[in-house]
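Everything on this sheet refers to the single structure shown next.
Just so it is clear, A, B, C and D label the chains in written order, and each chain counts residues from 1 on its own.
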Amino acid sequence: MKDLDSIIEQVKERFGDAVESSDRPFGDAVLTVRKARIRDVLSHLREEGFDFLLDIAGVDGLHLGRCERFEVVYNLYSLAGDMRLRVKVFVPEGDMNLPTVSDLWGSANWAEREAYDMFGFVFEGHPNLVRILCHREFVGHALRKDYPIMKGQWATGTSDLKPDLERE
Amino acid sequence: MGVEGIPVTKHETGFITTRLDEVIRWGRKNSLWPLPYATACCGIEYMAALSSIFDIARFGAELVRFSPRQSDLIIVAGTINYKIGPVLKRIYDQMCEPKYVISMGACACSGGFYDNYATIQGIDQIIPVDVFIPGCPPRPDAMINAVVKIQEKIDTEPQRGPRRPERERERSR
Amino acid sequence: MAGSQEMDPKELDDSGPPRDEPPAPVELDIADEMSLDDLDVEPMYINIGPTHPATHGTFRLFCKLDGERIEKAAVEIGYLHRGFEKTAETKNYTLVIPYTDRLNYCSGLVNNVGYCKAVERMLGVTITPRTEVIRVIICEIQRIMDHMICVGANLVDIGALTNYWYFFNAREKLNDVLEALTGARLTYSYIRVGGLAWDLPKGFEENVRAALKTVPKAIKDVEGLVKKNRIFVDRARDIGVMSAPDAVSYGFTGPCLRASGVNHDLRRKKPYYHYDEFDFDVVIGERGDVYDRVFVRIEEMKQSLRIVEQALKILPGGPINVEDKNVVLPSKDRVHSSMEELINHFKLIIEGVKVPAGEIYDAIEAPNGELGFYIVSDGSGKPYRIKVRPPCFYLMNGLKKLIEGHMVADIVAILAGLNIIAGELDR
Amino acid sequence: MPLGLKYSSLVILFVLAAAIPTMLVGLAALARTRRPTPQKHTPFESGVDPVGDARRRFSVKFFLVALLFLVFDVETVFVFPWAVLFRRLGFFGFIEMAIFLVILLVGLFYVWKKGALEWE
């Protein structure tokens, strides 16, 4: 099993400019990848032994003053090599779609639905991209920095799940 | 027949006479079947209240029914957010009269410390509530005290005929 | 149509076939024209909604049934979404601690420890040995209590009610110990960034040992009732089987992953807080069905008992808080006496702990699995973004694959085996 | 013994059988507070909008299970009167009932082997 640095080196020279930077804040390995090649990097890492996709975290960097506003963080873990790696993607506000990875890992299915529900990332190819936490009549995306914290929205009824059966 | 709390007149031949209302009140008071609307942490404290140490069975409220048709006391234990609001409203509507509501815990009473876009700030915005229990989560004895308060409320109400017609001001959204 | 000869009765009685030879069988070839599957089978849609004994009030299943067998299922959650992550962005680091209590409310202290461990690593603060061992003790006690609620509720859903009483009585004894320590029964908020709120009360060790005596007895009672019980074995064996590769792909962690035979336990893989010094073994199941999940949890309770015994033996003395003035509040008497401590006290309270800018992911082995906190901080006293990695979310993600093909009655067993806690599921 | 007295226990049985349900329902009708609302008449489906109505075709296997239950339930109905007179019937009654039970046991094994008890 290769160790973490050699895998990062391998990803760097294989994908070249797609890998923007790789640093180690507080000791965690983080790889920042360009949006265009995110799916290839992730499937490559999947073959490298990162069989756990622990979490997909969306971040709205409105006040952090970064190059792009949004950011999606894939949190990977390799069971055999006991290695943790975070792959970050910067997503501009205008173009929010990303390729889905729900066919690589089963856990991505709901993680992407939550990122869509909370931030509005559109994951192309996701079998059933609908809201998961807020109710289906919710307008807007709750965890964006410009969404007022106190703006509650009433739900008039419960959602009909029959179309969900076929899509999933 | 030593059933305390019921005004009875004893006759030498051993049978008693009492008003029908009193018997109905005694029956209802001591067999409140709760519908545990336990969504969050208060649900665990509600389970503790059901367990044999705090033992809510002493007050007759132990038989937990999950269908609104068979329950006459709904205990909302936990946070009610905008997604489950319509469900709670429908369950309350489908309960048969006479029905009582206990709002258990700060989240149910006033939204607790979740004052944000997701939580309904108090279930009395959607259903009329009889007894509020403060606390996050309230101790099981506070839960039992609420059931006793409901029983006292039953004591002071007419048991037959239209009940609280004016109270049914349902601000359904 | 099928060649049915017209037999008029007159001809039948005199020239009928001789008595001993049976009449030629009439082949009815209706069967092969109408095969079974073009009978118009009408699927039955059933909704096992939020208010249902099996769903503990907070999630909803919509199933397409063929008789009793489930063909397709749609799972909907979000009925306890309380906006924790949005509210946490408006609170400073210390004020978020009571919110983490309500994530997995069956074991509040483990969430506190997980959150504070992430923040402490960001601050670069190493906590005192006494606090580490105290955190290990209360985390293991909470693990026992969480498993008790899960297994108790699981067996109630399957129908074995008495185990619920056995476990809840033992749990009350443990809860009294933690109530003496923290003052609360469920939402403890006892851990602080950089240490603990206050030190252990006198006689804590004896109370813990006395309370822990009731646990093996309760476990023995429940195992006696359930381990070889024909009904339970039929309801739980080979029901909701999750193979190891699928469990890994769906992000299963904790008892449900170990029940599928994968040896992954953060306390062994990435030992924190002296876990490598305690000898306990990681409990592994073989088939990954409901039976294994229940009994992996029961075995884990026994291992946690061993850990607490060993931890109580090596409990060191010394301070419980880090000697770092911009992390931990100074003690009250010094605040009243010296001006500089007073200023430090107010600065810490109002602005909160100043965490250096950056991002971190730190995970802890919670009773349900790997509970991780991904914290982004912009250097101010308030966290910029907290993303919780809830183990239940990914267990629930795998539920659809678990129940399809099973019977409606198995949903209840599988659901309860996963121990879904809504506070952590919907945050 | 006059005719009426001989069958008096039967008459009392019918009177009780008629009296108890009517008394229960009657008292309930007397004591309850009646307030029919449209929401109360919608079917309860765990709190969400009900899907379809209850009059749907369902699998024949349910009918099979119901039939099996009926057969063995009626069997127990026959066993009760026998059990009451067990002493007086003596050995002859025992043999009679044993034959009756064996026949039904054969039926049960047949059903078991045919797999009607499993759901599939």
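As a working rule, a contact is a pair of C-beta atoms (placed from the backbone, for glycine too) under 8 Å apart; a residue touches a chain by one contact, two chains touch by 3 or more.
Predicted model, so just to flag it, every value in this text is computed and none were measured.
Interface comparison, A-C versus A-D: the pair with the greater number of contacting C-beta pairs is A-C. Taking each chain's centre as the average of its CA atoms, chain A and chain C sit 24 Å apart. Averaged C-alpha coordinates give centres for chain A and chain D that are 58 Å from one another. We define each chain's centre as the mean of its Cα atoms; on that basis chain A and chain B are separated by 45 Å. The distance from the centre of chain B to the centre of chain D, each centre being the mean of the chain's C-alpha atoms, comes to 35 Å.
Of all residues in chain D, those that touch two or more other chains are 47-48, 51. Each of residues 45, 47, 49-52, 60, 78, 81, 83, 86-87 in chain C touches at least two other chains.
Shared contact sites, meaning residues of chain B that touch two or more other chains, fall at 68, 83, 87, 91, 115-119.
Chain-to-chain contact here is organised exhaustively, every possible pair of chains being in touch. Per the touch definition, chain C reaches chain B in the complex via residues 49-53, 56-58, 78-84, 86-87, 98-99, 102, 105-106, 149, 153, 164-165, 168-169, 172, 175, 185-187, 422-423. Residues 42, 44-52, 55, 60, 66-69, 407 of chain C are the ones touching chain D in the complex. Residues 157-158, 160, 162 of chain A touch chain D in their complex.
Interface residues of chain B facing chain C in the complex, by the touch rule stated above, are 35-41, 43-45, 47-48, 51-53, 66, 68, 78-79, 81, 83-84, 87, 91, 107, 113-119, 136-137, 139. Interface of chain A with chain B (complex): residues 134-135, 138, 142, 147-158.
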